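Listed next: structures, encoded as structure tokens.
One chain, chain A, appears in both complexes that follow, with chain B as partner in the first and chain C in the second.
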Partner chain A sequence: MEERALRTLIDQVRAGTLSRRRFVKVMVGLGLTAPMAAQMLASTGVAQAQTKWTFSPTKRGGGGLVKTLWWQAPTLLNPHFATGTKDQDASRIFYEPLGAYDPDGNIVPMLAAEVPSQQNGQVAKDGMSVTWRLRKNVVWHDGKPFTADDVVFNWEYVTDPATAAVSSGNYRDIARIDKLDSHTVKLVFKSPTPFWSSPFCGPYGMIIPKHLFQAYKGDKSREAPNNLKPVGTGPFRFADFKPGDIVRAELNPNYHVPNRPFFDAIEMKGGGDAISAARAVIQTGEFDYAWNIQVEDEILKRMEQGGKGRADIVAGGNIEHIQLNNTDPWTEVEGERSSIKTRHPFLTDPAVRQALNLLVDRGSVQEQIYGRTGIATANFVNAPSRFVSKNTRWEFNVDRANQLLDGAGWKRGSDGIRAKDGKKLRLVYQTSINALRQKTQQVVKQACAKAGIDVELKSVTANVYFSSDPANPDTYSHFYTDIQMYTTTMVEPDPQRFLDQFTSWEIASKENKWQGRNISRWRNEEYDRAWKAAEAEMDPVKRAALLVKTNDLVIQNIVVVPVVFRPRVAAISSRMRDVAQSGWDSDFWALAYWSKQP
Partner chain B sequence: MSKYLLRRTLISIPVLVGISAVLFTILALAPGDPFEELATNPNVPAEVRLNLRAKFGLDDPLPVRYARWVTSMVRGDWGFSFVSRVDVDTLILQRLPATLVVLGSALLLAILIAVPIGTYSALRPYSIFDQVATTFAFIGFSLPTFFTGLLFILIFSIYLDWLPFIYRADISASGWRWYWEHVRQSIMPVAVLGLFQASATTRFMRAAVLDVIRLDYVNTARAKGLSERTTLVKHVVRNALIPVVTLVALQIPTIFGGAIVTEQIFRVPGIGSLLISSILANDTPVVMAITFVYSGLVVVSNLAADLLYGWLDPRISYR
Partner chain C sequence: MTPEGMAGAERRRVAPVAGLSAAEPSPSLWRETGRRFLRHRLATVGAAVLVVMVVGVVAGPLVWRVPVNEIDFKAKLRTPSWSHPLGTDDLGQDLLARMLYGGRISLAVGIVAMLIAISIGTAIGATTGYVGGTVDHTLMRITDMFLSLPGLPLLLLIVYLFRDALRKALGPEAGVFILIVAVIGGLRWMPVARLVRAQFLSLREKEFVEAARGLGAPPLRQVVRHILPNSMGPVIVAGTIDVAAAIIAESTLSFLGLGFPPDIPTWGRLLFDAKDNLDFAPHWAIFPGTAIFLTVLSINYIGDGLRDALDPRKVLAR
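So, the complex of A and B:
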């Protein structure tokens, strides 16, 4: 989709002929994110939508205890050390970022007084800086005031390499932070930064107090007593924490949003498994909320019949996809297979790629395997030349695959397997051990057999497959097979970082200990150029057009075959109100607004 | 006696060292590292993970890491968890009460069930009662705890909706309600573990009583005109308990093993669930500490069984 087409769409939103939500959906379909879409609208002067809550309390408290269940237990409560979403979520009970992302990707001010934009002059036109005005009279749970010094300190703390903060990636583009007054900071970037909300917003943006952590910066970061006893600005303050088991918090009487929160206390219990967590909310009603219910849809539906709770499904950034290897996994060059110096014997033939694309029966995979928890990715697969085009449909067509292969000269042998120039179409298809993935493998294998492609299935235990051990040949990043399948996650609400997995400098190899993110080892100069241009483009619409182009290139060249788009699923008691998951932020992004019917 | 104790204690030192070396090597050879999740997250730069590995000494060669672990262990420093960055001993101490409460009550339940039933079965062998008890005992120890656990949840939580199936260590009630809530949530895990243990112990008790009841001194006691009750309690059961006590002591480590699974099912925040989550997270210091505690437990309970035996049966002496 071209810039002009995008602008036409935005005009339609402004004129009211296209709904905001529909626009966001189209952008997500193009491989962008809701926050980007929201930014595009905001930059062209379409007013930002406000999140609406059904419940407006007249006083703080009175809601009793809200019980939540995470089947992975939180292990620490410092957001900058969070090894998984469980730790980020647990920290979010106590800490807040400057801005959160709502389900449509809008930035909702939390500790900020307002959202910066080019219109209000807080985002520099050249993209070199952004100014955040902080909310006044916010106090930490221990009574000390929250000021600009805390914001500056967080940047210093995170970027100190000795601290080894997991959030450092979000802050690395900041050159310096100027404190303009006690409640205003100006972030100055090293280069033009269109995605200026990466630091201090969303799950990596939570702010910890300077007065309690300044003595524990760098090497001593592990020893900070407040890593386990958080003192934040959030709606609840710390009561008790047992690592790997439970977090308890009680109402913060000085919370900066009037009449919130509704609940007097919150409990986040961890451990166990996803199915029984879903059961405790949906079937028995023992708990009010359970995170990330990775359960087969059929089981969820059966549980929902009781009416005590429901599965809440929102779009996020998870895509289950099949990668086609561009290099030869069966030839060793200088001590590594799948070396960039080789070419795959037949997967480099466009006809074979197209045939494979036609042989993945996404419809059956969705219907029979994933249900509501995995949606066949029509739009993302064949990004349209014009929005909601008929061409966007993915296709499952064995006949056409056969025609394509016949046309390209791949002849069936006596064993029914196609061959050309002595090369047989035999594939090894690897993935991790997971019931849903093995079923998907079967679906693909059967279709391939009908087209004369022999597929050998291989499954590796997840611990090994997703490990980063450079000595183990079975990891996904070694990619020592012809094709492989897994879910890749866009953790940031901006696709730039996510799309670097197709740039030529990210190719995984022995040299970089297979740390490179380009696993399919695809190289394309046009892609590299578009990606680099998007990185510095300040006009959100032009930038979106560039990113859509990168996405198009991947799809047109069939670098990967997306299978299903996996939304986030949570279990919520039917008595809970205003509990909205956001696919772009923590489950607790709007915890202060949760309430429950008596 | 004290000489024997000293010798046994000394022998157990090389045993424990050997166990720890094997454990450490296996854990080091296993795939994965504690910061795995960071590696697959595109948002986290690779340097962060490498920094963390270097900081926690994961890149040093195996013998160096082992030597470091042993020396600090000898000094009483258990190290800290890579995942939660808390000292390991604090973590274990936090989890100990829940495990002890559940295991202790399960053991008590097992004994309360096994001793009377086993004895009564032996007094009337092959009666209907004995047949029924035997059948249940066989069912009991043939079914693994992870199965009975799920079965209990299905029946008592989901169909009948009587009991909660998620164990919470922090209950915000006080007074009688606090006790009541604790009892209610403990019923299922304790019953699962206790019944499993009881079924095996019942069989031991029955066999032991059968052995003793035919002996001459029991006939003598009866001939003296002692009541059946006194004969049974003072002469039969007391002697029959000798082998049973030893067996129960020997089985304590097995119960700990069974508790790992049960704790996971009911989300009891005990040592077993800590072990499982640490293994899944590749948190070596915690896994090492817990497995080491378990192996220490095996060694100690073996020793305790031997000593108990000698104390209960003075005919056995140690040199």
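So, the complex of A and C:
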């Protein structure tokens, strides 16, 4: 996808021949994010879409209690220490960012009075600064006014290394924040920053009150009593919190949006597992909302037949993919396997990589295993110049895989397994324990067997597999097998951070305690160059073209074999209204606007 | 309950018989055991069921030649029919073929692990019980130590440490098999050792053992021919429980992803895969569940019958 093609698409959106939503979908298919797509549209003068609500109440409250279920329970309520989305979501009941991302990636002002743009002069042309105007009528739950000082304080608090905030990455590009008046701040960046909404927007953008936290900046950050008793600006104020169990909150009578929220109280219950959470909402109707329902579609559909609830599926940037190891996982060099000093004995052969790409039957995986919850995307897989074409299909072709392997000199032995120069095509294929993944493994294994590749399946319990324990050889980042499969989640609205997982300086190794993000250990100078160029490119469209190019390099070289896109799935009671999940923000991004039919 | 005095009297009467049978190698003890076993109706039924199962999993795949892992999405989640007598799972794989294949592994794991546990347990129990003194103390403290080890974490640790090495040496299936039976067997011998020791402590002071000793039988002969056969009752019961526990432990390991590779359909694995589909595809869970249930139950009854048959004090009702 070249810059020119992108511009043509944007023109189509402006002319109305291509819908906004379709454009965003196409961009997501290219590996970009919806917030980035929205930014591209905004920068070229296409007006931002407004989020519409179906229900507009005439008074605050009266909706009773809304019961939500998170099968991982929150453990603390300070958004800057949140580990995992459970804590972020729980904090979002009380705290708000300046702007939230809606399902299409548009910024919706929360504590900001308006969204900055180049048109209204609040985003500097050179990308060196952005100015935010804040809402004036906002008060904290304890009655103190919300001002620019709070915004400046949050940046100081988060970037103090002694505070050890998990959100610090989003704020490190800020050189300083100028307070222009009591309700206006100007963020000045260290270098041109094309994606200026990373600080103060979305899941890492929530703002905590200066007057309660300034005594706990730095070393004492974990001792703040308000880490467990939040005082925010959000639609609900704190009532009760049992870490690892339940959060209760009650209506904030001074909420800054008139006639909101609808509910008098909210309960966020933690614990259980995805399937029982889905049952509690969809089948029995005990709860109104459940988060992150990773359940087979077959089962969800049967639950939905009762009519009490539904599975809400929205696109996000999560891709279930198979990684091919570029290094040798079976040879130990200086205390580590899969060392960058080794080369994989046969996965470095392009013919083998292409054959594997042809042997993943994405169609059956989608239709038979994932259903609505996983979509085989041709666009990500095929040549990007053809991505708008309806003819593009990923290909599942055992015969061609066989031809490729024959052509490359891999001969079948007496046991039916191909070999060349004494090296047999035997693979160990690792993933986490999850019924969907084990089925996908079996589908791939069967196709590989037909092409003379012997696959041994291995599954690791998810707590171990996704842990960051440097001593455990079974984690995904050690990658001590030939191929492995999991979902990478695009948590950052800016795809730049997501795409750094293929840069050569991010390679996971013993030296960085396997914290590096490049798990497949692939190295490519062209990729590194394109990535660096995108980092400094100010024009969102040019930047998108560069990022798409990095993406293509990954696909052309078959660094990974994408399997399916995995949208976010939540279970929602059929009586709930305006509960729109956003793939780019917390599930509670629009909590103030939720309502329920009587 | 037989009063203590009577039991003693009876044993005095039986003991010389046991001694005689040792002197002239005749099968009368075992023939007698067999006769008594057959009079235990549930044990006989259990044995028959187990024999059917074993023959089924050994010979079944030769008759039912459907491949274990042939994926056919058109036939997914079928209820039992002529083409798929036990139905299919959600990848359209034939459950009968999978049950037969998985049964070989599950039964083999159960029986081999039990044999390991009983062998180690009996050897240690017999040594401590017969020798006594410091040896007894040392070995029993080791047994206590093993008993106090937390089973599952230790299992996980051992599997982590040795899985890759064994896998390399023997291939994924054989390597994991040996590892699992060794680990399960190696962690379950302690109760057997205690039972055997307790039996030995009382039996070695009995008149028939004294008689054998008086006739000049060496220690090994005293243990093997005289004491051990009389202490086998509780051991056999413990062994049958171990078979069931080993089958279940194997499914636990499969659950945690540390057992056999996920595509090997052991009975535990089949149950694990079936659990989310229980409400609309019950056949998938019922058959492997029933198989585990029947195996465990019949082995328990066999154990019951054997214990009664081997216990000369037990007067069998008509």
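Observations on the model:
Just so it is clear, the second predicted complex is superposed on the first by the 592 of 598 C-alpha atoms of A that agree within 3 Å, B and C clash if a C-alpha of one lies under 4 Å from a C-alpha of the other, contacts with A are read in each partner's own complex, and residues count from 1 in each chain.
Everything that follows uses one rule, which is that contacts are C-beta pairs under 8 Å (C-beta built on N, C-alpha and C of every residue); 3 or more make two chains touch, one makes a residue touch a chain.
Everything quoted here is computed from the prediction, not taken from an experiment.
In the model built by aligning both structures on chain A, chain B fits alongside chain C without clashing.
Touch criterion met: A:468 reaches chain B, while chain C stays clear of it.
Of the two partner chains, neither chain B nor chain C is touched by A:409.
By the touch criterion stated above, A:64 is placed in contact with neither chain B nor chain C.
The superposed model places chain B and chain C at 40 degrees from each other around the C-alpha centre of chain A, with the value given to the nearest 10. With both structures placed on the common chain, the touch criterion links A:218 to neither chain B nor chain C.
By the touch criterion defined above, A:307 reaches neither chain B nor chain C. In the overlay built on the shared chain, the residue A:459 is in contact with chain C alone; chain B does not reach it. Judged by the number of chain A residues each one touches, B leads among chain B and chain C.
In this overlay, which is a superposition and not a single complex, chain B and chain C have their closest Cα atoms 8 Å apart. The residues of chain A shared by its contacts with chain B and with chain C come to none at all. By the touch criterion given at the top, residues 31-49, 51-52, 55, 80-81, 83-86, 91, 94-95, 153, 157-158, 161, 164-166, 168-170, 172, 264-265, 267, 269, 273-274, 277-278, 281 of chain B touch chain A in their complex. Against chain C, in their complex, chain A makes its touches with residues 275, 295-296, 298-299, 302, 364, 367-368, 433, 435, 438-439, 441-443, 445-446, 456-461, 473-474. If you check the complex, the residues on chain C that touch chain A are 69-71, 73, 76, 90-91, 160, 172, 256-257, 261-263, 273, 276-277, 279-280. Chain contact summary for the complex, chain A toward chain B: residues 65, 69, 73, 75-76, 81, 83-84, 161-162, 164-166, 168-170, 172, 204, 222, 227-228, 240, 242-246, 248, 265, 267, 269, 271-272, 276, 279-280, 283-284, 286-287, 463-464, 466-469, 472, 489-492, 497-498, 500-501, 515, 517.
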